[in-house]
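Got some structures for you, see below.
Same chain, two partners: chain A is paired with chain B first, then with chain C.
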Partner chain A sequence: MSYFVFQLKRNPLAIIGIAILLLWIIIAIFAPVITQYTYTEMQPEKQLVAPGEANHLLGTDELGRDLFARIVYGSRSILTVALLTSLLSTILGVLFGFTAGYFGGRVDALFLRAMDILMAIPPLVLSMVVLGILGDSSIGSLTLIVSIAFIPATARVSRGVLLGEKELEYVSSARLRGENHLYIMFVEILPNTVGPIIVEATARFAYSIMMVASLGFLGVGLQPPTPDWGMMVIENKPVITEAPWAVLFPSLAIASLVIAISIFSDFISKVFTHEQ
Partner chain B sequence: MDLTLIALRKLGSLLATLVIMSALIFILVEIMPGDVAQIILGQSATQEAVEALREARGLNDSLVVRYGRWIGNILKGDLGESVYMRGVSINSILWRRVGHSLVLAFAAFVIFVPLSLFFGVLAAVRENTLTDSVISFFGLATMALPEFVSGVFLITLFSVKLKWLPIVSVIPIGETLFSNLHIVLLPALSITFVMFGYVSRMQRSSMVHVLNSDYIRSAILKGMPKGYVIFQHALKNALLPSITIIGMNMGWLFGGLVVVETLFGFPGMGSLLMTAIKTRDVPLIEACVLIITIIYSVSTMVTDMLYSILDPRIRYQGGQL
Partner chain C sequence: MNNNILEIDDLHVSFNTFEGDFTAVNGISLGIKHNESIGIIGESGCGKSTLSFAIMNYVAKNATVHGEIRFKGEDMLSMNDHQLRSIRGNRIAMVYQNPYSSLNPARTIGFQLDEVGIFHQNLSKAEAKEASLEALTMLNIADPEGVVSRYPHQVSGGIQQRICIAMAILCRPDVMILDEPTTALDVTTEAVILDSISKLRKQLNMSMMYISHDMGVINKVADTIVVMYNGEIVESGPKVELFDSPLHPYTRSLINCLPRGGVVKEKARLHTIKGYVRKRGAHETGCPFRERCEKYTPTCEERYYMREISDKRYASCDRAYATDVPSSDDKKKPIEIKEKPSDVTKPLLTLHNIHKYYPNGKKRVYAVNGVDVEIPPSSVLGIVGESGCGKSTIGHMISGLYPPTHGEMLFKDQNISIAWNKRSHDVLKEIQLIFQNPGRSLNPSHTVEQLISRPMKVLSTFTNKEQRTQEIERVLKRVDLGKEYLSKKPQQLSGGEQQRVALARALITHPSLLVCDEVTSALDVSVQASVLNLLHELQSETGSSYVFISHDLHVINYLSDYILVLYSGKVCEHGLRDDVMNNPKHPYTEALLSARGEVDPKVKRQVIDISGELPDPTKQGVGCPFASRCHKKVGPICDTEYPATVVLDGGHYYNCHIKEAVK
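== the complex of A and B ==
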């Protein structure tokens, strides 16, 4: 922990990144306190109000909805889905990758074959087709499907780190003690691989934001009335010449969040690689 | 190991993947809620009419029979008919769209490969200077930006403010993409951002690694010109990881195509797939996903092959990465 703080002091960019990420988390938690408007309230007389006018900090969209409120509330869904996705895809990745790497042989061959097939289709295309077919995405279905699309990446990383540990003496001594496979995998090996797995999970967090925003943009993410940053961009694209702010602000929200998380994950990966 | 043998083995595993993948795509799309016959005839159709159409289109046959028929037709070059655009054969719409997307992907490729390699090398040569920090930060930032976000920034600058390029990339009726090549520019640039981040960062780190190796140091110490050492000795070895990264990220590039084509209304296969999903056009979804899978798998295979050709060490280990 003190090493973490020591590294942080030497890295001003990481401080900015973490600060922006924390700011978005605070905004998501205290959304009702931050804005007086709701994200669904339409004011037909106030369509496409420019930023700063008529008491609308970031202006309004074509339906007269306050953009600031929609962005503030929109941070809740994207942060929730992305956080759950990075957690679930890491857990699934560890389960599959560890099982394949630990047992080796046929299990491993089958795993690699299955990953080849899953990887034959780009993750975004896979998620968008499945979500589009199922229709009516919820936080649950969105999280599950994006996590499955991420398994080839997360499982390969987990398998790789397990293979590095498997031949070490503490593993063979646990085996000689007669511990069962599950105990060896998750009580003996897992704690020793926590570093690279945390690095992978934080990187996954950035990918998840990118993916969830893109799916929202394509219209197969969370459905209205839930405000979704990606969807706000495509909704307001037709009026981009009259009201560029209605497209620009949600894009800036996505950009600031995703860049902050990238900086954060880059920092985490540096901290853990230096430690070894 | 012989190169042709590696190629044959890769081709075999590619075919196996495609067979399984096509079955999965088929099952996935077929279990989708909603009856194709009902969609064609509309909600007001009588039960008898729907039943008759189901029978006529063979929708009552078992899944295995239908899959066999679908694959059989594809092998004969017939991708079926679109459900939404009634009676229009998929062959007549899909291939033009595939061509457009390939032009777009190619344009993006031509922009990002030299740019990201150049800036990656520059950052490595100027390691730990301001130039390096700026390039590295720009790479980190663009790597994470979804394509539609960078697209929006580009539209706001070049179309709304400067009015240099069109906001939407549509081809006027009766004209071809090649007489309207300027509409490719903004979509291609939008895809470039993400790839620039990945490749320039990879190029930088592999170049730094190579520049710190003993043989480069001795080349410089024995008095060879620095430019010669960088381009003739270091770059050759430092290119390998970048090639892998470019290949591995072809998936992002294809996903990016769907997003960018939707943003610009560009008439490629990504926006066609999006329309197919929105209109629940089953045969069209199947055809699009199959084509994307084939193109993607082939490009991954080509990267693997290229890698074995460039790095003899891999060839001798049996072509496995």
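== the complex of A and C ==
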């Protein structure tokens, strides 16, 4: 932990990244305190109000909904889905990757081919098709499908780190005292691989944000009335010439969050690689 | 002082790291004369390598360097890159520890050698090639023309290091710096390379600085010896006098803790140095060795500085033989060895004609080819041989990491020719394996308590947690570690402490057979001595047996009751320790014995040159595997027929066509 602080002090960019990320998390948690409007409240008389006017900080959209409130509440859904996705895909990826790498041989070959097939389809296309067929995009289904689309990446990384650790003598030593496979995989090996796995998970976090926003933009993400940043961009696209802010602000929100998480991920990776 | 070719004056090197500033080199002054050979000795972490890199003005970014380094009177620390380039590799050449990583794997050996001549001496391609071939010839490389067209991975480690040395001497440098050049090599190869280094130095009139942790090696190549501890020179002087009567307590301890000159466990405990080398803070003063020194007095808190004690001999202390501080020599008394039951007839472990083949692509690697050996209860079998001889494979098969391909292993009348997953918990408990590198064999995420208690939970009957804790504390105490270690993780421990934890983990199940695979090879000599003492004590206390695997004949000689000499997966010679060591019958045993380094400069031994190539491990030869390197080859029979076993008295036997010849 002290090393974390030591590195942070020499890395101003990381401070900015972490600050933005924390800011978004605080906004998501305290949404009702931050804005007096709700994200569904339509005020027909206040369509496309410019930012700062008539008590609307970021203006309103075509239906007269407060953009600030929609962005604030939108952070909740996107952060929830992204966080759950990175967690779930990491857990599943570690399970698959560890099993394949640990047992090797046929299990591993089967795993690698399965991953090849899954990877042949771009995650975005895969999620889009599945969600389109399902026709229902709740937070649950979105999380599950994006997680599955991300499994190949996390599984390959965890398989890789396991292969390195498996050769070390502490694993042989555990075998020689008759430990079972699960104990060796998860009690002996797993704690020594958390560094690269956490780095991978934070990278997945950033990708998830992009993915959820893209799916929203394509119309297969979270369904209205849930506010979704990607959806907000496409909703307001027709009025882009009269009210550019209605597209600009949700886009900025997406960009700032993705960049902040990417910076954080790079920093975490630096901290972990230095520790080893 | 003007005939010094290289002069180092009050050199300081310190590093700024996350853990704080620490000093690697602290006020070193040193001069190397023309044609002089200086040996620098010290344990790991003493700043030897930092010193050599600082001379080349080649240090890490976070380092601060003060002082002066003068090469032929010019200060190297104030030179620019261009000036340095004309000296590095040209006037001062350096050879590193690991030849494999110093050579570029993507270029032929010839290309890399020629480059030196073309770059530094503006030779034409043809001239450079000629110079390269000449340099290779000087190092006794057979078929230099063939070697230059090969890539580094196509030649053996010994040849690779010779190529690095050839590269260093190509420009006929004034000074050659060698940083542990033979540490990664086998003893027999090492002996031959050291021999040619000494010859080359005389032939080319070079000055030399040879860095090593190994006294035996330094003894072979250096005239003057410099002893370093924690970034400071603690003693320097001519070789013979220094080894004869060391002035600094550190030098003395270092020499005394080696198992050398035929010292064996029945006669003496090895001398040890308490504690371990610690990183030194940037602002610490006083004698660097004071906290480990048994001659400590309050005056040690101040810096003593190097003083001339007698002619040409300098030391920063004069207390090696001080009488006002009593020596703890009583510790050197050997511990009592329990009388072994003489009517023991049944061996504890019997290996019967075991083989191990590994698949390697479409080929097979024959690692072990028919080894028979017995281990009686309460005895130590030392297995010795060069790398690749199959000694570790045997140890791993006994402990159950993998089963033998053919053959039978009997342990207490049970057939254990099976791997761990088929062995009963009783057998797993009874046979324990300790690995070479405790940093890899102890899980870095687990605490010492978890590490030691786990085998007990899985294999023993201790179900009561309190009982377990008591037992752990007892075993920890037995390996000289206190309760405070329970909550520590391996990274917080020194190498010696880690190996003690590994030992405690093995002992906790009360095994009757302990397989020790090069357990002291990764440790510094002072720590090695204490671990050897401990192993010996524990063995005679518990009456267990050891299979002790090592490449170091001194260590094997110290601890073993029986010795097994292996070559290319086959037994060369087996017998009681004294029979094998004093009366070797197999030419390979003889060659190994001739190659081991001694610390006594008065002992001169003719090194037997067995520098040929090892047999290809993917082919099963018909003759004696050692025939290609043997200095006593009888004739064609050695290549065509595997020799029959010659049995002598006392279980001493060997496999060679020579029946009587070796004396």
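Odds and ends about this structure:
We take it that the second predicted complex is superposed on the first by the 276 of 276 C-alpha atoms of A that agree within 3 Å, B and C clash if a C-alpha of one lies under 4 Å from a C-alpha of the other, contacts with A are read in each partner's own complex, and residues count from 1 in each chain.
Convention: contacts are C-beta pairs under 8 Å (C-beta built on N, C-alpha and C of every residue); 3 or more make two chains touch, one makes a residue touch a chain.
These numbers were taken from a predicted model, which means no experiment stands behind them.
When both complexes are superposed on chain A, chain B and chain C fit side by side without a clash. Contacts of A:A246 after superposition: neither chain B nor chain C is touched.
In the superposed model, A:E188 lies in contact with chain C only, and not with chain B. Of the two partner chains placed by the overlay, neither chain B nor chain C lies in contact with A:A69. Contacts of A:A82 after superposition: neither chain B nor chain C is touched.
Ranked by how many residues of chain A each touches, chain B and chain C are led by B. In the superposition on chain A, contact is made by A:M119 with chain B only, not with chain C. Within the superposed three-chain model, A:A201 lies out of touch with both chain B and chain C [touch as defined at top]. By the document's definition of touching, of the two partners only chain C reaches A:E179; chain B does not. Draw one line from the C-alpha centre of chain A to that of chain B and another to that of chain C; the angle between them is 90°, to the nearest 10.
In the superposition on chain A, A:L21 makes contact with neither chain B nor chain C.
Nowhere in the superposition do the C-alpha atoms of chain B and chain C come closer than 6 Å. Overlap of the chain B and chain C contact sets on chain A: empty, with no shared residue.
Chain C meets chain A in the complex at residues 18, 399-401, 420-421, 423, 425, 428, 432-433, 435, 437, 440-446, 454-455, 458-459, 505, 509. Against chain B, in their complex, chain A makes its touches with residues 13, 116-117, 119-125, 128-130, 132-135, 206, 209-210, 213-214, 217-220, 230, 233-234, 237, 240-241, 244, 247-248, 251, 254-255, 258-259, 261-263, 266. Across the interface of their complex, chain C is touched by residues 3, 6, 168-170, 172-179, 188, 191-192 of chain A.
Those residues of chain B lying in contact with chain A across their complex are 13, 17-18, 20-21, 24, 28-29, 32-33, 137, 140-141, 143-149, 152-153, 155-156, 159-160, 167, 251-252, 254-256, 258-259, 262-263, 273-274, 277-278, 285, 289, 292-293, 296-297, 300.
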